[in-house]
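Before anything else, here's the structure in question.
Chain naming follows the written order as A, B, C and D, and within any one chain the residues start at number 1.
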Amino acid sequence: MEGIKLAARDGSRPRKTVVEAGGARIGGTFTLLAVLEGAGDEAAALAAARTVKDAGADLLRWPAGEAGGFGRVRALADRAGLPAIIEVTDTKEVVPAAAAADVLMVGAANMQNFSLLKELGRSAGKPVLLVRGWHATLKEWLNSAEYVLFEGNPAVILCDAGIRSFESGARVVLDLSAIPAVKDISHLPIVLDVGRAGGPEEIEKMGLAAVAAGVDGLMLEVGLASASSRDSAPAAGLGPEAFAGLARKFAAMSRLMEGLGLDHD
Amino acid sequence: MEGIKLAARDGSRPRKTVVEAGGARIGGTFTLLAVLEGAGDEAAALAAARTVKDAGADLLRWPAGEAGGFGRVRALADRAGLPAIIEVTDTKEVVPAAAAADVLMVGAANMQNFSLLKELGRSAGKPVLLVRGWHATLKEWLNSAEYVLFEGNPAVILCDAGIRSFESGARVVLDLSAIPAVKDISHLPIVLDVGRAGGPEEIEKMGLAAVAAGVDGLMLEVGLASASSRDSAPAAGLGPEAFAGLARKFAAMSRLMEGLGLDHD
Amino acid sequence: MEGIKLAARDGSRPRKTVVEAGGARIGGTFTLLAVLEGAGDEAAALAAARTVKDAGADLLRWPAGEAGGFGRVRALADRAGLPAIIEVTDTKEVVPAAAAADVLMVGAANMQNFSLLKELGRSAGKPVLLVRGWHATLKEWLNSAEYVLFEGNPAVILCDAGIRSFESGARVVLDLSAIPAVKDISHLPIVLDVGRAGGPEEIEKMGLAAVAAGVDGLMLEVGLASASSRDSAPAAGLGPEAFAGLARKFAAMSRLMEGLGLDHD
Amino acid sequence: MEGIKLAARDGSRPRKTVVEAGGARIGGTFTLLAVLEGAGDEAAALAAARTVKDAGADLLRWPAGEAGGFGRVRALADRAGLPAIIEVTDTKEVVPAAAAADVLMVGAANMQNFSLLKELGRSAGKPVLLVRGWHATLKEWLNSAEYVLFEGNPAVILCDAGIRSFESGARVVLDLSAIPAVKDISHLPIVLDVGRAGGPEEIEKMGLAAVAAGVDGLMLEVGLASASSRDSAPAAGLGPEAFAGLARKFAAMSRLMEGLGLDHD
């Protein structure tokens, strides 16, 4: 693909990049990224984090705005024993976020914030999870990865998250075709934010489909139980049990794919 | 979904329509639809048809333009022992095609040819395979099915075949999200023309993904060997062996999904 | 443009095709196509048709479904003294519609109904107004024109009518860029269905813009007054006075463009 | 439009915002924004800047990367006697760019860089020219404006620049429909980067069309003559004479629209 060099597969580097982050590995195996969603206090967040870890989650994201700062995300991740993902939206945040996180995330709206991408290439020293813009072609997405790589950071994880179609008022189109297409042209690992699929039924079907298509990991949201209501149902997102049920199915599917001789490359 | 009545799920009819066509069943199980592709004489077509049947194909399509008429398609299907799919593009073709075919197909370009859809509802007396237009929303697609159903033909099979996106110059987006979305709102079976995925690698990954997402069947092209070259490689499409290899993997995946307790409803 | 031959500009034919239809000319000048909209009896239709003729309309469309048959459209057009446009949706309609109409129209949903296009090329003997599909690229649109031309009918008028974008749930995008783009590659005249622009304000602005961009004509709807209510306000669309006001502005803009030395080629 | 408050028209503020920037006015009249394009030394840039000023340009942009810094852009603008537009891509640039510029520009790729938008609202003290993302709905675009307005900067100019469609591999769709649509819901001025239209012919037609649709201004590129070649043809973009010719036509069209009683509101 024209203009894509460092992100492209070629004979001079390994066929598949495996990114290591705080003990977790992304690429070459199936990885589960859990996202805490909704307002909740630290006790609720810790309970949810421990549940998702037991359910097999490999990395944890707790949006810093809801957590109350990067330090509190770090503290939670340490207590839960999971590597932390923190989103950055501005060059000024790169250094402090990198001090607290194991993976730095760039959201869809910033996929073409080239100043930020270059700063992440130069100063992060941590892997970058690069979410595809809703409108971005594969080439544009890989081109954004190229900015990070070019500045010296070799650890980029691509995160597909649905594209906008003529129908997107009603429904996100999860572009699973992108999974084999990216693997054909790039050595970078690719995960999918499957929470965008819709309700629990759609999340399950599309998560299984993405694993069958060879995705390297899934990102999935879990809702925090509202502390004030003293009730186990989360204010938003899947509850911890639904999360655990899906996590088991995704892991089972991943093992089945290996049994079929269909690996992650 | 507003305006979708006969195609919609409701309590007054079975949760899932199973369409029967010439001994094959579409819906509630995994069905493989084979398409003969490229120019070739009857001997080549018969050889390919027998190969795909042995590989597990349940229905056969041989484009009438290449076959040399509806009658020759029928003759081939009879000799191969497979039900025949014939595409119609005009109201005048409905009666003669219905006399020769087990399933009548409407291509993407005619998805909103309402005269044709109404004629298929009134006069076909055979199931209709309705391919989604490249640009069609789910609602428009189901609305086209509604025309056939309203005129009295209850046997409609939906066939997803990729949508056009901002990237479609380069690449078709196979909208697998549509599979659970359609199943959530409609009782009609849904199959996918997986040959649109790209090369053999993409076809394999997306076929497996579609089965994981719960698709009721896959349509897959097989190239006819060129008779003149006396060589087993087809002029276009997958060769018979590649077809058979994929058919085995799709069937294996389908059984695995059943083993996971994930059925076709 | 690859594959576009008869519709393409080249040195061997005039730079600009002018289509003649029942005394009206489309191409090389500004043409106004009026469409009667909404239910109404023949008296209401005749009153509206005479009003739009006085306002400068050059051709008249009254949907046959509302008129009650092709013959009644013909009768109205004769009484109003305007050439008639009739839409066809099926090959069987081509001959009877051609007997009644001065121009045959193909709607957006049938732009790729190739059986119909070929029949219009062979049997119509009347100009064809080919509406662009909501999803169609310029190349696909011109390719559809090519089918009509190839079968022997040289009189094709292109009608742009808005395209579907990521925003089309909310708003049609009138692709005015297509006007100079089509003129650059084709000799066929191009008109715009400006009624798709939205309310009266948007219709006015986009109609003026299209004339400035060099469009050969505008199609504009006028609502029939409800006879039962005995009131001059139409049940739908612009009223006759609003129609006349816009017609005057569009004609004035067309003359101004000529004054600027900006012609229709 | 839901969520759009400060950018929306309502009874409590003027119907139309007029932005003043270094003596130029945007909104309520026709404004021409010139962009110097291609590599060139200061002498070439000054010559081009003086030419475009003579041709009627009201503001000047010289990309800082090509100019060699914000200070040199400022110096050129002063010598040419035109207000300067400078693009910012990072929060760190806002203060130094604001010291040198009369208008700060946000490019399409940064339309949803919310950190940057907020900083521009708080610290710029200069008008902001907000380019629409290629994929952005009107609502998202106005929502980005809302960020700047909410932080206290009332001077936002919207700049339309084409959207991505299913065809955009080949061709940008200049969404002129957005001009009346934005004017219907917002009081902010809207200009169009007409250089995206294509070649000189398309730029002329679409520029005239945009003026007819009521646009408040046009942005147009002019190529710098290559100093080394000692030749008057620019290395890229329109030459100064072609620029001047178009500028005259756009101004003439603007006066004609006023003559038709069609103002800029």
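Keep in mind that, in the parts below, a residue touches a chain if its C-beta (ideal position, glycine included) is under 8 Å from a C-beta of that chain, and two chains touch if they have at least 3 such contacts.
The structure presented is a predicted model; accordingly, all values stated were derived computationally and were not measured.
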Furthest chain, CA centroid comparison against subunit C: A
Of B-D and B-C, pair with higher C-beta contact tally: B-C
Rounded Å distance, subunit B centre to subunit C centre (Cα mean): 37
Whole-Å gap separating subunit B and subunit D, where each centre is the average of the chain's CA atoms: 50
Multi-partner residues of subunit C (at least 2 other chains): 135, 164-166, 170
Subunit A residues touching subunit D - in the complex, by the definition given at the top: 89-92, 109-110, 112-116, 133-135, 164, 166
List of subunit B residues in touch with subunit D within their complex: 135, 164-170
Subunit C residues touching subunit D - in the complex, by the definition given at the top: 135, 137-139, 163-167, 170-177, 179-181, 184, 197-198, 201-202, 205-206, 208-214, 249, 252-253, 256-257, 260, 262
